[in-house]
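The data blocks that follow each hold one structure.
Two complexes, one shared chain (chain A), two partners (chain B, chain C).
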Partner chain A sequence: MALWQYVARRLVLLVPVLLGISVITFGLAWFATHGHLEVQYLRQSDRLHEDQVQRIIQQHGFDKPAYVQYFLYLKDVLHGDLGLSTSVNDPVLDVIKSKFPASVELALVAMVFAVLLGIPWGILSATRRDKPADHVTRFLALSGVSVPVFWLALILQLFLSYYLSQQGFSWFPLFGRYDAILAGSHPSLLNGPTHFLLVDTLLAGDLVAFGDVVRHLVLPGFTLGFVTLAIITRMMRASMLEVLGLDYVRTARAKGLEEKVVVNRHARRNALIPTTTVIGLSLGSLMGGAVLTETIFQWPGLGYWAAKGILSVDTAAIMGFVGLTALIYVLANLLVDVIYAYLDPRVRLD
Partner chain B sequence: MVALTEKEVRLTGFRAAMAPRLREWKYGLYRLWQSKLAIVGLALVVLYVAVALFAPLISPSEAGSLDDYRMRLHFSEGLQPPGWHGKPFGTGENGIDLFHGVVWGTRISMVMGLAITAFGAVVGTILGGLAGYFGGKTDEAIMRLTDVFLAMPILILAMAVTVALGPGLFNIGLALALTWWPSYTRLVRGTVLSIRENQYVEAARAVGASDMRIILRHIIPNSLSPILVQATLDIGSVVLLSAALSFIGFGPSGSNFSEWGNLVSRGQSYMLGHWWVVTIPGLAIFGFVLAFNLLGDGLRDLLDPRLRK
Partner chain C sequence: MIRRTLTIAITAVFLGMALAGCATNNGTNPGNTTTTTTSPTSGGTGVKNPDVFTTLTISEAESLDPAYDYESAGGQILQNVYNTLYFYKGSSATDLVPVLASAMPNFSADKKEVTIPLRADAKFHDGNLMTADDVVFSLNRVILMNDPDGPAAILNSVAGATAYNGGDGSAAARTTYLAAGGITKVDDHTVKIKLDYPDPALLYKLAFTLGSVVEKSYVCAHKGADFGADCLPPPGKTRDPWMDEHEMGTGAFMLDSWQKGQQLSMKRWDQFFGTKALVSQVIVKKVDDVNTRELALFSGDADDVYIPVDHAGDLQGKSGLRIVENDSFTVAFIGFNQHFCGDKNVNLTAYTTCMATNGVNAPKGANGAPDTDFFADKNMRLAWINAFDYDQYINDILGHHGSLLNGVIPKGMFGYDSSIPVPHRDMTKAKDYYSKSNHSDGFTLTIFYNTGNTVREKTAELLAQNLAELGPNIHVDTKGLDFSTAFLAAQRAKALPVFYLGWAPDYAFPDDYTTPFADSQAGVYAKRVGYANPAMDDLLHSLLRETDQTKLQQGYSQVTKMLNDDAAYIFLAQASAYHVERDWVHGFYFNPMQNGAPNVGDFSTVSKQ
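Up next is the complex of A and B:
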């Protein structure tokens, strides 16, 4: 089977999964509102007149039985109408569009940090098996998968932001994406073209603002990336150990190649393949972690919005966030499988 | 020659049948002893289990408190740092004793971790076993359902379920139980598929063993070790997630409830300048999860014959 046929088949198979997810999100919202989904429109305002209320109920079919409402909901979703997020009083799709860049920027920073550190650490750990370097790396990696993300965030805030600034080193702010006072005199923080602040400030050539953005990114980026770093390190170590025991590596050593060449040219390339998979799959834990990290650092992204939506039973926001997360997750899974098939020709596409 | 009674004959037969398993167990224990990290994990697990079991002895309830899980409020006492003044972990908001909270919180975490993991493992194993053994339409139906559940990060799915159920510890547990089985279904199905092809299963089928007998006597015993490893790791993960859900705001009501996520969550609002109010309960969670991860990793090395030398 050619690669494009495989991709097409997988995309078709996604349809029932996405339908299943829509059933789950609809069912949960139905439960959460005790069968009165209209509250997500009505709660926004007491100013609505009785006939306006009736019109909303008519328009969205909130007086129909649940299964009919489900199909109406599906129709709305396919038309891009994800409902109204009552916690911010904006359509869900608009909120997602406006908050997406902040979340993606944070997630990318976390991911780059995790990949750049995790791969060399994993290799180090494997090549120095059972030596002190290996023990330290393994312990750190195990801590990374055991630490509660919300607690790590608070500890960093407490010790690296609060207590450090008490000592006169105000390097890392407690929360936010940029300094609000600074933003008054540095417009690139507010209305740049891409809404990725690292890019916007650099495009404007505003190094002061860039530095401010970096300082705000350090703690949340580290918090979010730490779990992924741990997962990548563990995977890289395991697959490196497996590859180093294979015959072709022994052959490479036997013909007298330097250890550096054996590790970097022969072993690493193949050990990277399973690690790529794990990197893609860790997107899931990254998005779960984003809810906690963004909330604690008051990062104006999707996770913070979702957490606020949860506390105010903003069902449309929660349904939208869960649906979006699931969509990103399944697409990432698909991408991982395709990359895997591309990197490892032994994988059969069926 | 002494005639053996029927009982003795059976006993000898039993011993002979069990000998390889005993040898396996002894070898396993020897290997476990060799792995220092796993021993540290085991020791920590034993410590947490002991604290959970003996909570009433370690931190007896103060006179006049109606509920062991609720820390007494002492409004006049402020926030005291940890020290040897009878409050080894210090005090939190309204003078609550954090030591009491952490100790009784251990019991809650232990119960949640064990119960939810056990539920997920049993349901997942049954579904995965059915899918893997029977294949065909059964497999299709079960795995498509599993795919839907696995298409969402578990924290986010559990969050959405908890929104629907409403707050409270029981609902957090219910939400996690409802979302935890799919990973076992996939794991067990894969294991069963590989076991099913083995010759001893074919042999059992050839001598006319029923499906039930093959599943109970051959398939389940041979797929137990990956399930056991996964379950050990999951006890930690379950506690991590339930604490996270409690932290987000789904937790028990009242600032004085002895649950780790709740303690960290309540501590957040006044932690600046009072490092211990979040640091200490969080360390309890961290240690708990680390313990089960260390033990689980050790068990994996031990039970996977491919990793033996």
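Up next is the complex of A and C:
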């Protein structure tokens, strides 16, 4: 079928997916609180008299049956109102609008590290199989999936930010997205049109601010990307090894082509196919799974907000976040499937 | 070739770093491993950003609307961008000075009318002068907003406020309140407050953030579509979204910008009527991870940082820091639940429903039968009170960062009676009371705490340990419950044998403590634990209207002793405020009534040299 038909069909399937997820999420929150979703308003409940608590319950409709509360939520969503995130006291839509760019920027930088380092390392590992380079790379890949993210974040922060700055090299800041004092005289950091700071600062032509944003992205981006880096390295190595053992590669070598040409021109593209799947899946998980990185580097992203929302049973936040994550996963996988078809002409979309 | 070399180089750098980390890291947090001789100020930079004060906290303001906000992080900002009519003098929690008022007020003979003269030179941050209209508007706004989670009830002594607060909040009720004329303008620079009853704490209440004066025309210019011509909250409206995120006050600082979840910036207001602030900018950043906050402090990127007392050890050996510790007014108690699942004589249905789900957690006698009135027995309560090891609590659990309470009123507050002794463990008395109790042959119960709160967990374990020594056949264990999904529901249903209770003051007057803990009708904690003493209620109610200072002091001393004798609570401690700053900071002073403690509360007096 034509590409656009395929894409349209996948997008239409989004609707039942999102609906189903919202029902499950709401149900889980309901059962976890034994039907008392008002707990999210009662964090300071110690000081409240029971009649004040009842007022809160009635004010927000928590005395209604579960299905009524769910349908009221759906009705609001269809009118563009995703509810109030009680854990941060802001409408969910506003929270997503402000945190989404932060998460995307971080995820993209993490992906850049993972891809720019992972693919060459994987190829290196495969082409120098069982040699020292291979052992080192495999060790690094293993540590990438074994090292706890928060440990890596703390170590990078301590060595590359704190210790370096003590020696006079303030290259990498301790935390945050930008320098708060600098922001006072560089409005593109606060009031840009997109809130993607890399974009906003470039649009404003503010290279000082751009440089500041880049410096703030390095440590958290690398921390977050490290696990994906490890996975991509291993994936690339495995698929490269498989491709290098195929007949057509042997033919290319027999023709007298340089090894470099064999690897880069003939083998790499086919070896990239499974890796592309990994990249697509990883992008989805990077968006929402950055809680620990966000905590240590105080990165204002979606992951930390979602984690706090879960702990305080902030239903609107949880449902908004889960819905957004589902949307991202579906779109990312759709993109991956389309790229597949481009990379491998044998693949047909239907 | 180049790519291969580059790849290997990057690999080598990373390996080196990882191994270096392993060598010096003892497996504990990296902050503890920085025992090198590198001092935080040896980088040769001296004071960083001398004109900008950076403070790191763990909570963010919920709202900047003084009519709604009722928590410390928001209060920290409000007390710098707004002013109140009166405020605490320096470090004192008992002396007030006029701020937006020009002098102390005049009281009528019956003390039910208070006339307050206003200063004529206070400018809002848009340059307009403050007048009586703004004061009247601001206070009425608090009372009419009346959010159940907000501070409005504090002003209940104002004429008509109690009736409105307890009413249906309808348009008619609103009109009735405004017609009662509790807060009125006498002339452009004089305001009169009429009270339903004489209130000795009124000026202290006005010093709380809800007494902040906001510019009426500004609120009107940004009011919601459903707000009427008077710009006051209409019935049912308990939030003003614009004022939640903006301010128009007279304070020494103006709100410069607020990036939620990251930082809030304030700039000095150069037309402030009082002493101008010494720094030109204050940045308040929320940083959740304690290690990150510590590194920011050590590197000089932050000047004032929240360090929880259980991380005090991380600061040892560090230079360039100053630690200032004071008694705060935050108190912690344990309350005995005298009627598990509520009083069955008052509401049998609720009791039965509660017992069906929670009965398994009720205290049990030696024979295993549940006894929901286990703590209605005063001898049992006294046994527990005397068995608890207070000194070990202060020394080991709080690490000496707190002091013992001698009763419900903390040290430093008016009404505190220093002649009342603090409690100490006395096992002889404890065993004696235990032998006279209804369960002298043994009992079983569980002390619940909310998971994640390690202080409460350790307190529960200490108490369980202490109780085991009372006699044989005593089985007390401890259990953690998740706050949102289990603990809160049990607490509301009164299905916990003992409650952890904490309190921080809104205003510096003893009834802010005695009412919640001792008033059987109005006290949120008294009701929760089932404490009721008619003689106590009478005494409390008479003191609420008493204006003679000597009688008040004697009266509150009597309240303290009576509550101690009634043995309704174990008074754990008065927490200390553990303030940590760089030693280049000057001008910090502690007042237990400031919001934002232990961080700096008043930014106008700090400077960096």
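By our rule, the second predicted complex is superposed on the first by the 265 of 350 C-alpha atoms of A that agree within 3 Å, B and C clash if a C-alpha of one lies under 4 Å from a C-alpha of the other, contacts with A are read in each partner's own complex, and residues count from 1 in each chain.
FYI, a residue touches a chain if its C-beta (ideal position, glycine included) is under 8 Å from a C-beta of that chain, and two chains touch if they have at least 3 such contacts.
Model, not experiment: these values are computed from the prediction.
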item	value
Partner contacting more residues of chain A (chain B vs chain C)	C
First, second, both or neither for A:168, with chain B first and chain C second	second
Partner chain in contact with A:36 - chain B first, chain C second, else both or neither	second
A:89 touches, of chain B and chain C: first, second, both or neither?	second
First, second, both or neither for A:145, with chain B first and chain C second	first
First (chain B), second (chain C), both or neither touched by A:159	both
Partner chain(s) touched by A:311 [first = chain B, second = chain C, both, neither]	both
Which superposed partner A:295 touches (first chain B, second chain C, both, neither)	both
Touching partner for A:17 - first (chain B), second (chain C), both, neither	first
First (chain B), second (chain C), both or neither touched by A:339	neither
Set intersection of chain A contacts, chain C complex versus chain B complex	32, 143, 154-155, 158-159, 162-163, 295-296, 311, 313
Interfacial residue positions of chain B with respect to chain A in the complex	37, 144-145, 147-148, 151-157, 159-161, 163-165, 236, 240, 243-244, 247-250, 264, 268, 271-273, 275, 278-279, 282, 285-286, 289-290, 293-294, 297
Complex contacts: residues of chain A adjacent to chain C	32-34, 36, 39-42, 44-50, 52-53, 55-56, 59, 88-90, 98-99, 117, 120-121, 124, 133, 136-137, 140, 143, 154-155, 157-163, 165-168, 174-177, 180-181, 183-184, 190, 295-298, 300, 304-305, 311-313
Residue ranges of chain A touching chain B (in the complex, touch as defined)	16-17, 20-21, 24-25, 27-29, 31-32, 138-139, 142-143, 145-151, 154-155, 158-159, 162-163, 284-285, 287-289, 291-292, 295-296, 306-307, 310-311, 313, 315, 318-319, 321-322, 325-326, 329-330, 333
Chain C - residues contacting chain A, complex	3-4, 7-8, 10-11, 14-15, 17-18, 20-21, 25, 29-30, 34, 38, 40, 42-44, 49, 52, 54, 60, 62-63, 70-71, 148-149, 238, 244, 256-257, 259-263, 265, 281, 283, 285-289, 291-292, 295-296, 298-299, 301, 484-485, 488-489, 491-492, 501-502, 516, 524, 527
